[in-house]
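Pasting the structures here.
The following pair of complexes shares a single chain, subunit A, combined with subunit B in the former and subunit C in the latter.
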Partner chain A sequence: MAAATLRRLPALGGRALGAGGRQGTGRPGSWLHSVAGGPGHTPRLEDWQRCGAVCLQRAATLSREKNPMESAFAQLLEQVELEKSLYSDHELQVFEDEEKIRWRQAEDYDSEEEEDVGQDIVTAQDLEDMWEQKLRQFRAADREQEADKKDDRSTLNRRLDEKLTLLVKEKVGDEEIWLLPQSEWKPGETMRQTAERTLSALSGRNELQAAFLGNAPAGFYKYKYPKAMRTSDTLGAKVFFFKALLVNGDLKARRKGDYVWVTKSELKDYLKPKYLRQVNRFIFDTAAMYP
Partner chain B sequence: AGNNLASERHYRSMPTHGIGKYKYLLPREVPRKKREKLKMKQLKPGTDTEYGVLNIQLNGYDMTLVEHYIQYIHRLCNQLKIRVEESYAMPTKSTEFSVLQEQGTKMNMEGVIQSHERIVQVSGLSSLLAPIVVEVLQTNQPEGVQLCIKEHTEADFNARFKARPELEGLMAQIN
Partner chain C sequence: MCFSDGRTARQQADEEAGNWPKNFKFDILLFCGLLRRGCDLVGERGRAREIGKGVDKEAATLHGGHVLDSPAGHRPDSSFSVECFCTILSLADGESLPMRAEPKKKKKVDPRREQAVRDRLRKRLKKLERVPPELIPIEDFITRTKFLDESRIRDPPKLPVEETERRALLMKKWSRYKQKEHEKEAEMIESMIEAQQQALQELRLESEELYQAAIKRNQGLFPLELQGCRFTPPIANYEAPNGKYRDITKVYTQ
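Moving on to the complex of A and B:
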């Protein structure tokens, strides 16, 4: 990194070279814009605690229900298709059988004239009745799960038609806040490995299997610690979010009240506004497109 | 000479008719074989920031869902300016199943289910777009359709051809 070597040169002036002066960012090229040594502490790269967080998402298992316009149109299309269609083989067979029966019951019926007697054990109409009966015995599973009726947000088995994201409650500073699972970065590992470590720390062995998307973070959030918590080294934390898609498994190792699976619209019930604003930038859901 | 029509066309009776012909002097050429074996296009390997050639495979029992989904994927790639090399279908696989009932008349109810497979071949997917595309595909995946994204190999290319048992028999006899 060229800027790191430049920072060490005494001729270019010591602390004023900090990472961008008052802007407080760690970008290497920003020493050009630095304000020459102000009275206060110019934030440096080392002031921020770096964390990797994982945004674990379960995709929707069912497709969304049609809204009124969609269902009306679908019905119209079905009706058009039905009226334009031709008879299928089975239906033609049914008509033929009906003809035969009528012919047999006519007055001038001569049983010797009948050509093939032995073939009518199972008529097409009988088949159709059997199939109808089978269909009536079949019951489709419910779209609305139990967890939906009780509004139990900690199971994975809720809202099967929407994407769910995992949120955990952590104690940060003095208060307990809801956030995406995160842990601190240790030197020597990549940020993505931090996120993977967070995931495995949540669940224990082989419980949650997830596929991480890409090596680059999907989002970023920066916050300063309240004055009480700031030490000389840490001003705040920078969190890098990584997206992962849930393949298998569920969280069992944690206590019941500590984690929640939520949809995008329910995020605002749990997250703080600034955090929510950054998180909303990379969590997308198609539910909002079709009200 | 000849009939009336022939005498109307003068060139054949001219003494210089056929003066430029030379092909009869050259040695006879053997006619070339009509079809050559289809070779696979050279596969571009992936670089650090781009994937090579990827196969997006869809499998499902319901043909309408599979077909509509593949059309959606194709249009999405067009819009995102991802180069779509090919989009083809693998042959349908039929599975027969029978339910034997043994109550009096032994009825053998057979059903046939068909499984459909469609493949979109995509090349040059950049690593910026890849996670987004994967997530979008997963979000919009219909029920009953399985999505699989793999790299394209020679074996995949050869799987599209029909097996030729006589040719293979003859080759085995030669070797």
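Moving on to the complex of A and C:
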């Protein structure tokens, strides 16, 4: 537990940490105070700003393409299925027609004996050819969208076969960093309500409709403010991430450059390493899992 | 020919009036029955009639022994005293003598009896009609007879050795691939659960009430409807061809 917290702290802080003791319920105290510290080290009750963040994801609308292993095996299964099957009505009809043609072209063929000479016979083979032609005439829509070709990441209409997560650019301290949309916790609301508030603050009314998956946070990140921002009380912030599935709508109210919809592999282009490590624990998509 | 001394005055009066005494019917039955049996033993039916006709008006006593040797046993004289002439009927099987003594009660009992009969019939009908509902056939499990035809059987393919080898190796490779895939998925799930557990722990350290609110069930989530994936996106401005849609699925009712 202690090792985990050490990892999570940014490189700024370097104080000795003891095993976290639980504070009284009334005080939102920090558990960072050192128990096993040296003499003269008084435990300080620092405040950590609580934040709720929302991890908004748009589910994939298309199924991904088969990778080489999958396509090879699928082909094998089809072959075996064909070999073990019975002849269908259509195939039997094809055989019959072939028989008929052979019989007609035989030497002892008597056209008077044949019953249905006058009818226009559409053979099964003709039917097959017709169907194939029709299939070739049909053109399905492209899987790759315009935005994929231009690599425009701000639109939702990209990478339809992947899960996309929303990232926004915020000003924290002096610098602008990319992160999952978050906002501060106000007393009197639950963490999930904070996250919902964040979502509605992103866009106007009813623009983004999402289904929150659970009251419990999916992940956690703690960071210290840069020295300039630190007041006597607050040392940093603790962020709780909540997962939500996008049902309807799109971000329009924000400026173009401020937000992106990215897949898991593209997250590293935007997020800071430590933040990314935490976020990667609960965000997954198929491209990484099924190469 | 002697009168039975056991007759009462009433009986005497009855007999004089020409009515049959009350205990007569059984006697007559027995008498005729005995006669029949006697005739059977003797072998002639007609003879019974003669004997019967010969019975005098006054009395006819049957001693056990003379005419009949009744299998019912010897009867004492006094129980068989027939005063008047009686015509012997040859009864068919199951037929009973006309009961002229008892008047028929048609008014109340009969409609009740008829109703009872009708109720019984109705009950029987209901029992027959209480057939359990016929099970709906599962069409996937029924092999149609047209598929049992011999002409449908495909010739088994002649595969070269390389092909069979390739297939076997591919199947083994696939099982290994699937195993790896499963491991990755399990890892993913474990990672998500771990992250969530840690987040909950941190939240608890922060504040107990927030933690309690977080572990509550998410009531508003279900029923959740999500559209499934397709392979290609929908065609923009697609015009579907005109036509009627006829649903020919077989619907079974129980």
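By definition in this document, the second predicted complex is superposed on the first by the 200 of 291 C-alpha atoms of A that agree within 3 Å, B and C clash if a C-alpha of one lies under 4 Å from a C-alpha of the other, contacts with A are read in each partner's own complex, and residues count from 1 in each chain.
To be clear about the criterion, contacts are C-beta pairs under 8 Å (C-beta built on N, C-alpha and C of every residue); 3 or more make two chains touch, one makes a residue touch a chain.
What you are looking at is a predicted structure, and each value in this text was computed from that prediction instead of being measured.
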item	value
Partner chain(s) touched by A:Ala60 [first = subunit B, second = subunit C, both, neither]	both
First, second, both or neither for A:Thr286, with subunit B first and subunit C second	first
First (subunit B), second (subunit C), both or neither touched by A:Ala141	second
Subunit B versus subunit C as contact partner of A:Met69, first or second or both or neither	second
Which superposed partner A:Leu213 touches (first subunit B, second subunit C, both, neither)	both
Greater subunit A contact set [subunit C / subunit B]	C
Overlapping contact positions on subunit A, where the subunit C interface meets the subunit B interface	59-63, 213-216, 218, 245, 284
Subunit B residues touching subunit A - in the complex, by the definition given at the top	105, 107, 127-128, 130-131, 134-135, 138-143
Interface residues, subunit C side, partner subunit A - complex	147, 151-154, 156-157, 167, 170-171, 173-174, 177, 181, 184-185, 188, 191-192, 194-196, 198-200, 202-203, 205-210, 213-218, 221, 224, 226-227, 229-236
Contacting residues of subunit A [partner subunit C, same complex]	4, 20, 22-23, 25, 28, 31, 48, 50, 59-63, 69, 72-73, 76, 80, 83-87, 92, 140-143, 145, 160-161, 190-192, 211-220, 222, 238, 240-241, 245, 278, 281-282, 284, 289-290
Subunit B-facing residues of subunit A, complex	57, 59-63, 121-122, 163, 213-216, 218, 243, 245, 284-286
